[in-house]
Amino acid sequence: MGLKGGLGARELGGLEHNYLLAPGHTACAGCPMPVIIRHVLDVLGKDTIVVNATSCSEIISSQYPRSAFKTPYIHSLFENTPAVATGVVRALRAMGNDHTQVVIIAGDGATYDIGFGAMSGAMERNEDIIYICYDNEAYMNTGVQRSSATPPLAKTTTSPVGSKIHGKVMPKKPIVEICAAHGIPYSASASIAYLPDFKAKLEKAKAMKGFRFIDVISPCVPGWGYDPAISIELSRLAVETGMWELFEIENGKRKDTFKPGQLKPVGLYLKPQKRFKHLSDAEIAGIQKGILERTKIPLLKS
Amino acid sequence: MGLKGGLGARELGGLEHNYLLAPGHTACAGCPMPVIIRHVLDVLGKDTIVVNATSCSEIISSQYPRSAFKTPYIHSLFENTPAVATGVVRALRAMGNDHTQVVIIAGDGATYDIGFGAMSGAMERNEDIIYICYDNEAYMNTGVQRSSATPPLAKTTTSPVGSKIHGKVMPKKPIVEICAAHGIPYSASASIAYLPDFKAKLEKAKAMKGFRFIDVISPCVPGWGYDPAISIELSRLAVETGMWELFEIENGKRKDTFKPGQLKPVGLYLKPQKRFKHLSDAEIAGIQKGILERTKIPLLKS
Amino acid sequence: MKKTLEGSIAVAEAIKNCEPDVAACYPITPSTHIGEHLSEFFANGELKSYVNTEAEISSIAALIGASAAGGRAISVTSSQGLAYMHESLFCAAGMRLPMLIVVGNRSLSAPLSIWNDWQDSIAERDSGCMQFYAENNQEAVDLAIQAFKISEAVNLPAILGMDGFYLTHSVEPLDIPEITEVQKFLPKRVSAVKLDTKNPLTMGAYAFPQYYQGFRQDLHKDLLSAKTTIKNVHNEFAKQFGRKYGNGLIEEYNTKDAEYILISMGSAAGNAKDAADELRTAGEKVGVLRIRCYRPFPSEDIAKALDGKKGVGVFEKAYSMGAVPPVYADVSEAITNCKSRPQLSSFVGGLGGKDVTVDSLKILFGKLKKGVCKEWV
Amino acid sequence: MKKTLEGSIAVAEAIKNCEPDVAACYPITPSTHIGEHLSEFFANGELKSYVNTEAEISSIAALIGASAAGGRAISVTSSQGLAYMHESLFCAAGMRLPMLIVVGNRSLSAPLSIWNDWQDSIAERDSGCMQFYAENNQEAVDLAIQAFKISEAVNLPAILGMDGFYLTHSVEPLDIPEITEVQKFLPKRVSAVKLDTKNPLTMGAYAFPQYYQGFRQDLHKDLLSAKTTIKNVHNEFAKQFGRKYGNGLIEEYNTKDAEYILISMGSAAGNAKDAADELRTAGEKVGVLRIRCYRPFPSEDIAKALDGKKGVGVFEKAYSMGAVPPVYADVSEAITNCKSRPQLSSFVGGLGGKDVTVDSLKILFGKLKKGVCKEWV
Amino acid sequence: MNPPNAKPGTSVENKTGSWRTYRPTVDFKKCTKCGICASFCPEGCINIDPKTGAIIDYNYCKGCGICAKECPSKAITMSLEVKK
Amino acid sequence: MNPPNAKPGTSVENKTGSWRTYRPTVDFKKCTKCGICASFCPEGCINIDPKTGAIIDYNYCKGCGICAKECPSKAITMSLEVKK
Amino acid sequence: MIYEVRFHGRGGQGAVTAANLLAVAAGHEGKYSRAFPFFGVERRGAPVQAFCRISDKPFRSYQNVYTPNTVVVLDSTLIKDVDVLSGLEKGGHVVVNCHTCPDLKSASVHYVDATKSALKHLKKPIVNTAMLGAFAKVTDIVKLESLKQVVKDNFGESNVKALEECYAEVKQ
Amino acid sequence: MIYEVRFHGRGGQGAVTAANLLAVAAGHEGKYSRAFPFFGVERRGAPVQAFCRISDKPFRSYQNVYTPNTVVVLDSTLIKDVDVLSGLEKGGHVVVNCHTCPDLKSASVHYVDATKSALKHLKKPIVNTAMLGAFAKVTDIVKLESLKQVVKDNFGESNVKALEECYAEVKQ
């Protein structure tokens, strides 16, 4: 099989040149977030304005006087991107431009937490915006603190492993479902390891109007604590183990865009990551049980 | 039939004395919001601390040096009640008090809009709070501006009726569903006209821990533009016409707590209200159609 | 032609005639009426875009986005709403984005009060936004039009302060410049520095220590030189529309031969003029200096106007808790280099809607004669 | 016993030993480490409650709630985070709620910068919150403990400023008072005015114009008289723990016989002392006045210390754009009544992490000799 | 210290009865003492006397008419308040 | 006016190749030119030469090893960078 | 001279609008005028004040009206709660909505049953336009015609009828 | 006298930690010390600086180190991008992680292949503890034992081995 995670050679043609995100950005070696951004811009094309929240993606791309973005780009604050994008798109339309796409690129902290009020407002108004959350499941830019996207039991600097508490207590906030509950036209999850699936979602979103949301898993080398070479592999394992489901919600209807026939044991995903190093076998078994109940997919027989 | 809207005499016993909301508050004549608050406090009892958002409920109750609240009460800002309540309940628990209920009373503006970021955060943390939104479907305290709770086509001062736009454009934000999507233990809607239902929900919420949300329809005399005598009647008609559904969501499962067998024509609800005066017959028919599709309840044969 | 209408409506009409691309507002007393009227214009197709935001922090964010995209952008707020924009105001100014924020000035909580004072905008004096205070509704109308022009000329946000209720809710005959006239005065915004897919640009980059201070220093310099722009735009306006307000930065009222001067802003300055008039009739040499533009602070003009005076008092509706009142502090510093520094008194009053009467202001002139005085009145 | 550890960890340990009821934090560089360590204490059962809020506006709201409920409450933030609390700071102070906010001082966006200056907390100087600035990490540790006590004595929030990175990230040997000692100094908070179902009370009522100004005036008065409390608590601390910092409000360093004095705050004041030492060795009569408590502003102490000096300069890491620097403006006003008012210069520097070196400060002393000077350095 | 706090329940000092344009009058003969009016009165100013029936505290009654509208026995009538 | 804006795409001036600890080397004999490595390289610094195969721009390659890991043909190997 | 009027009413009765209409009517006559409210909690039934100044010459003042030339009371029950006569100039007029003469120690008390007129013509107790009729009769600061015009423009004919009725019926 | 050290490294190599460990070791010896970083964008691979001051007497300064007595370079590739020798005192030491003598015009250049030691003992290229060994050999500002103790307390035995190896192998 020439495919890994459903990725075929054919789909990659023509990507190699003129990326709209230039090299020389300062992401950690192995960070998959620039890959995500590159593919987003590749699908959306040059007629796109990027609105970015304070985050790793901002810090690694726009240090004065240099920038990695080749499309127009604006960063102002951490919590306000949905409203900034609202202003951009409203002004464009008011001035007669009815074609330019406005895309938000924001981390999970901006999306799930501090910016969620503004996001909820923009969703309620159904602003004509594409919102991409690269979800590295913590505040990475400030050194790996818990966000609402952090999976349960994961260790971060503010969900530490102590004598009373063993990593993050709360479940991961179901952001795709919450956004869908707002009645927006499109809400989806994605993984960069499933590139054709991701791109299909981007194309679909691109063809629509209104508020469109995609949450993309984005492993973080120091934040999750793993060998940089396996960033894509982890994005794949997350799906193969059922930790990360690939689906989209339109008109309140959920559709799984890819569903593994059998799940790989979740340990394969957890074990390479330092943030899960403290987990006991019982805890891992608990996670495994939760996945099986939630996904209703059988575990791979080994 | 001695019941109107399912309300029986029996259920009312013992309410008459020692209300925890004193008279002398300065709500408009006929405002049902104080009735809602009174019944909330009646169920929760004296061992309750009220956290109030800036709103009509605050302005009518706590003008220095007087207050209508007999329970401990705190108001600070418009957008921060879920976090203030977080602080209150965390401090109580830290100091060894494991019994006092902390209840938020807030309008739809605070709940659906400006305070939703903080609310989402408190829901994510599953703080031990009961949240009551009295939903008068607009910013009343500032003179009837549109909120996300304003129903489509309703006229407010910021969703005016003009030559290009005919009242509110967007649908009502489905707050109960959005809250439920957060995974909180209890999310429900209620109407004061269905008092036993409302009180049952309050009792249920009271018996639980964690974040509990109830959205209560609360007609507004000047804001909706109607004869003050029909505040309760409108709360009833909203249910009888299917404009307001009575339900609760636990563990992601929705249960209708009251469902009319047949729906009254929605005109009965719309016509007495100035905010809907501009509606054409076609628009009313459209609303009626929407209700029938959504509720799947037949229209009353007349 | 004059129309008798509410100050808020008049300002909304003036804004409409400035043809903004995006208005983004959130209701708050006492400035709500302005936004309401803008939304009505929108519903009637007379305004290009109106955003009902879910909070003020998003109103200003929408302005940041709209202005960055090259549009003309306006918001309206008061008090808690402006305070909720605090972080964003520094950001908008630092990003050099023109926009207008009309503030119906109101006190800050706690305790909550919906009534007038200036604490809300005064507390934003460090932000890099320009601040104007209108004495009356005619000036508010005229300032709205001037403020867009100034803001877009110097690429900085402008705050236009209107005393809450006093101005926002007063109904009076006002002259609202016709749209055709406004178009002559204020052409469509043209910005080379904007989000444009034909000519991409990265806005809002962050700055290492070797760059940051330079940006702040430039911002400060540009604010200082905005004083010239403000005067010029004010003169242009006067030429075209026939209405003048001092020199655009300050207005001197019977100060030339005055021995005692009261400084104030907004509608309180109008009341102070009435007080001065009454005292003049009684033979007292008193005058009023009105600060029309508080940021940039017109220290040179003020120092010049005050040099050699016997006594000067600053009356203001704000405080820096635990220290001294802000306008007074600014004036105090401004007159350090007067050849003959007048005795400077400080009066704070009118907080949270405490009515500032002509009589109470007359008393202040009396106090000036007795020497330096620092009082809550 | 001294431990060598990071300033942030040291302060976190000091806070832990103060046994707060609720800590509510949101990460932001450079103050994040403090919150991280508090959350670790919580995970180990050494802290009663730690709230991972979803934004700073909710951190301070949680403090408002916790303090109103009678608890001891603490948050940690910087820059944008403090700015996001702006509205709430006025509210917390106006509601008379004690709490501690440790600020790892950092510049404000735009442009974004994670590095140190004081604009974030300086911009909150009107709010009614007390403001302390630590010169070094030992003082930060000691101030954290004192600040709780002061705050709870005067019923007002306290902001404790630590220079971002310089203090927050420095690793050095520090003395952290033992919990038993802290308990003696800082007993459990007892508040009669609180949310208590046994004794109900309405907190945060709103005020009509006849009441509002009275509340503000009281707040101001209480802030002024907090100066005595601050000095007393500082003395008590000195007695019990043997460490003293000037008189609690300001610290005079070789000022008695000095002709030229540089005023500053935070770690810059330490560097200024080094500069002064070097110049003293060269025979120059120079000294340093450090402002430890910026709000309430110790104007009397400053005026007394500066009276008769030849030249005084204020070095600060903040600006009021389009006007003059804030600390300078405050000092300028404070010395108006000096019998012999020194010549006052203003220096602004160190913005956005521009390193403030001893050498650069030595140059400033040189400038003072040449007369009044207003410069970005 | 002077915090903007208020005493609980002191709103009773506001005699909102003066707001009234219409005045509710209970017909004790019709009143079944069901309590519905009391339950829905926004002012909480109706008491059910077990002997006579619904008693309205006119110090607070704002004359909204809800009690009359909701009374299942039509025991309450609204009439224009005679203002002095 | 001096806004904190930056020129698009100028990050190319940051030669992040110096960050590298490990160096990827392509074995053109094994390379099938499938493009997978290019697609996943975080630096976007791999080009597929239709004749030879994957060409790495070492000016930017940070040596993460993703290309080697993802290459279905195992055509890329990582070795310790020789630092000068 | 600046003519000063103070309106006392309750939320929902339209006192603020009355002051505004008066200012507009004066404006129509080419006069300088200014009306503005003192808002308390703006709730139906709660006491409200509104002010209006009218002058032939431009004036500045935005302060509240403390020494009115005329006071208009839209709800006679306010008299016991509020000192409606406060500062009234010697011999100044008080115009009260009342069906019997109100108990006020003032030289020039006028009263009219505006509630009756409002209920009759408007079917609701919003008495502001009716009271402007009484005001017009009692004072001559603006012309009846101007007021009628403004009321007609803003609220239509039935309000004009109420106004005219009270103009005719006001007693002193 | 205050002894000043400047560390140059890349994110992930532990330069900041090295400075901190040095300060802690000095603290253990009863000295006054202070370490602090200059953070840029703190990303794996990006250049980082960290400073450490050590003295027998208390000192105040929180300013960056401009005139180091010793410079420690954790990654030799930095030499071409960064002026690592900037301000180094005359005859001051430079300790570089390099397997051949680096091209530096300085009186006292020392080098050691710390990456090799790190990979050998820690299985990853985190060279900070290893470089502290070389530093200890080249300078005598803190005792080898103190450093070993601190490294052991914080990172365990294998790091101590790397440290010892570089202590032994550093060349000049």
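So that you can tell them apart, the chains are marked A, B, C, D, E, F, G and H in the order they are listed, and the count of residues begins at 1 in each.
Everything below uses one rule, namely that a contact is a pair of C-beta atoms (placed from the backbone, for glycine too) under 8 Å apart; a residue touches a chain by one contact, two chains touch by 3 or more.
Remember, predicted model here, so these are calculated numbers, not experimental data.
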item: Farthest chain (mean CA position) relative to subunit B; value: H
item: Pair of chains ranked first by number of touching C-beta pairs; value: C-D
item: Inter-centroid spacing, subunit H versus subunit C (mean Cα positions, whole Å); value: 55
item: Approximate Å spacing (C-alpha centroids) for the pair subunit C, subunit D; value: 31
item: Centroid distance [mean C-alpha coordinates] between subunit E and subunit B, Å; value: 23
item: Residue numbers of subunit D (touch at least two other chains); value: 29, 52, 54-55, 80, 84, 87, 91-92, 94-95, 109-112, 114, 200-208, 211, 215, 219, 355
item: Junction residues of subunit H, two or more chains touched; value: 44-46
item: Numbers and ranges of subunit B residues touching at least 2 other chains; value: 26-30, 58-59, 62-67, 69-73, 75-77, 79, 112-114, 116-118, 120-121, 124-125, 143, 148, 221, 228
item: Contacting residues of subunit D [partner subunit E, same complex]; value: 94-96, 154-155, 193, 200-207, 211, 214-215, 218-219, 222
item: In the complex with subunit A, residue positions of subunit D that touch it; value: 25-29, 32, 35-36, 39-40, 42-45, 52, 54-55, 80, 84, 109-112
item: Complex interface listing, subunit G residues touching subunit E; value: 10, 44-46, 75-78, 80-81, 98-100, 103, 115, 119, 125
item: Partner subunit E, residues of subunit B touching it in the complex; value: 2, 4, 7, 9, 12-13, 15-17, 19, 21-35, 38, 61-73, 192, 195, 221, 227-233
item: Footprint of subunit H on subunit D - complex, ascending; value: 2-6, 29-30, 114, 135-136, 163, 165-167, 169-173, 267, 270-271, 273-274, 355-358
